[in-house]
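Chain lettering (A, B, C and D) follows the sequence in which the chains are written, and residue indices restart at 1 in each chain.
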Amino acid sequence: MFAIAITLLALELRVPEIEEAGTLLQALAGQWPAYLAFLLSFVTALIMWANHHRMFNYIERSNFTFMLLNGLLLLGITVVPFATSLMADYLAHPPDDTIAALVFNGTFTVTAVLFNVLWGYAVRNDLLDKRLPPEFGENITRQYRFGPLLYLAAFLAALISVPLSILLNVGLALFFALPPSLVRRLVGRGN
Amino acid sequence: MFAIAITLLALELRVPEIEEAGTLLQALAGQWPAYLAFLLSFVTALIMWANHHRMFNYIERSNFTFMLLNGLLLLGITVVPFATSLMADYLAHPPDDTIAALVFNGTFTVTAVLFNVLWGYAVRNDLLDKRLPPEFGENITRQYRFGPLLYLAAFLAALISVPLSILLNVGLALFFALPPSLVRRLVGRGN
Amino acid sequence: MFAIAITLLALELRVPEIEEAGTLLQALAGQWPAYLAFLLSFVTALIMWANHHRMFNYIERSNFTFMLLNGLLLLGITVVPFATSLMADYLAHPPDDTIAALVFNGTFTVTAVLFNVLWGYAVRNDLLDKRLPPEFGENITRQYRFGPLLYLAAFLAALISVPLSILLNVGLALFFALPPSLVRRLVGRGN
Amino acid sequence: MFAIAITLLALELRVPEIEEAGTLLQALAGQWPAYLAFLLSFVTALIMWANHHRMFNYIERSNFTFMLLNGLLLLGITVVPFATSLMADYLAHPPDDTIAALVFNGTFTVTAVLFNVLWGYAVRNDLLDKRLPPEFGENITRQYRFGPLLYLAAFLAALISVPLSILLNVGLALFFALPPSLVRRLVGRGN
């Protein structure tokens, strides 16, 4: 599902129509918002995929509710190509770029919440692999906990400045690309 | 196949063209039928997926006929994105919304019938896993039996009122999201 | 790959534009060639999928050449959605329906040839599972042998009559849906 | 992911609009750049897929960094359908065909670099299967080493002649379709 959604992102890359008296090179250069949005979404979706994959490495059992919660998370993922298209088309057209950035980072905020919901359900309902040392799961819990608030910050930042909002988004993607054990050392105070 | 069809649903979410003197926000708000149709289809397809998955958990053997029957069921699934597009485009344009709702719920009615055909074939041809207690299968049989009639009701309701038809559709999706053992206690008389 | 190509077939089902003074029902009815082409392609691709799946059940080893030959077969499969679109758009517009039917059945003819090439390579290079009784493989060889010639007949029939060509296509799909052991009894003379 | 990207290539094959006083046959013939670009991309992507598959046969362990590097490689792959569309639309429209060929071969150049980065990381970080004889890995290293330079040559050739650039691309695809052990005998000097 991640694989499909990520590959569909590339459908956003559309062959440009050349305007009169222009060249293909100019037309391609004029598409920079589409490339930026594609790259941003690709990297974010890829990191989400790696996180989802890692989460499932720790999960041994499943049940119907878990499957439905996972489905809700996938709902967030399937909306990413749409949010990306919106960014690609309106990033260079203020003031509508604000709405586009709100939808874009709003999608990721909701997805971050759903990641926490899914993981929390797995922890509380004892679906994890018991042979793993408990700090594996705790590290994930600690890293995920930041997601919703930080993406909410990127979401709200769009109201002030769209470039700032995008910058925060990039920073967040990199944060979630860090291994959870490193994050713990960086931000964890206690054990 | 479910994963692909579900992800393709999101292609229906199209970046809106802004009409003169409007904003992106207004344009997005004007797309509510597309969002409603997408959500409805996503949730329904997701629940179908979970049911299909659960059904296959009980099935141990397969044969050529079973594969072809399963293929017919998948035919129903692949048509869902089209039926969703139709709803998205015509939900706000009566009287054509009736036709759109008929096609939408008609697709699910046929899919519900095909679910029963596939499951019935598996039961009659002894393709189930024998180690499972028989009531597992019986619970599924009981729950599925309601599908075609209830979706037919949602289908016919579209002739009277499109919102009623959609409401029934939502209710049905929720009904099939219930675990079969619970359904049995709710509606089962015997045993 | 089959799953993706089959699901993409459904993209051909496009929400119709309503012409002036028409209803959605009329617009949908006017799309019958798209539905016919979709159904035909879906059923054919499904049966190809089942055959491909069965073929791979008998194959135990693989090598680089086999992978590339399999890739060529998949090339045939990925073209099916395009050939289907062509049929959908031109079936009701003679004389171009002849060209569309030629491309449609030509695609299947080439695919049938590639099925034979792939299977023949597996047989000659000893990639089959040795524990299977030899008549399993022989039955497949016997059934596949008919494919190219019969699809060629459907291809050539398009020059005389497009409906005849489509009818042959339907018949062929059904023929390949038969289990190989039955085909052997129907057409096999020896052993 | 390869499977999806390859299947999406076929979306580039669009049913032609017939111009006035023309036939479907003429319209299809006029689409030759689309067919050429599709074939080229399909074969290249298929060979990449086979190589990626073979590479993963030798890899036994994985880690988060490896997953992200693999994701970057997949980024290259998902751009292939876009680069193909560009070729399809501008191959017959000089001077823009030069830009299209640069983007096309540039995509493959970057992908070739990423293949080397991924493989090099696996070798250096001891992710390979230790039971394999070391020359398996060395043969791959040797063959991949040529990729970036040769694709760069095809990239630069586009500045001189687009057909030459395409010819080099075809040659390169065939080169990577060769088994690594054969390549070693052809170009290797030492052991």
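One rule holds for everything that comes next: a residue touches a chain if its C-beta (ideal position, glycine included) is under 8 Å from a C-beta of that chain, and two chains touch if they have at least 3 such contacts.
Keep in mind that this is a model prediction, so the values were computed, not measured.
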- Select the chain at the greatest separation from subunit B, using centres from the mean of Cα atoms. D
- Task: Rotation angle, subunit A onto subunit B: superpose the C-alpha atoms of these two copies and give the value as a multiple of 5 degrees.
- Result: 90
- Message: Please tell me whether the contact surfaces of subunit C and subunit D are same or different in residue numbering, using the over-half criterion.
- Response: different
- Message: Could you work out how far the Cα centre of subunit C sits from that of subunit D, in whole Å?
- Response: 28
- Item | Inter-centroid spacing, subunit D versus subunit B (mean Cα positions, whole Å) | 40
- Going by residue number, subunit D touches two or more other chains at 4, 11
- Message: Chains as vertices, touching pairs as edges: which of line, ring, star, complete or other describes this one?
- Response: ring
- Query: For subunit D, which residues count as touching subunit C in their complex?
  - Reply: 3-4, 6-7, 9-11, 13-15, 18, 23-25, 28, 42, 46-47, 49-50, 53-54, 177, 179
- Going by the contact rule at the top, pick out the subunit A residues touching subunit B in the complex. 1, 4-5, 8, 11, 64, 67-68, 71, 74-75, 78-79, 81-82, 85-86, 89-90, 95-96, 99-100, 103
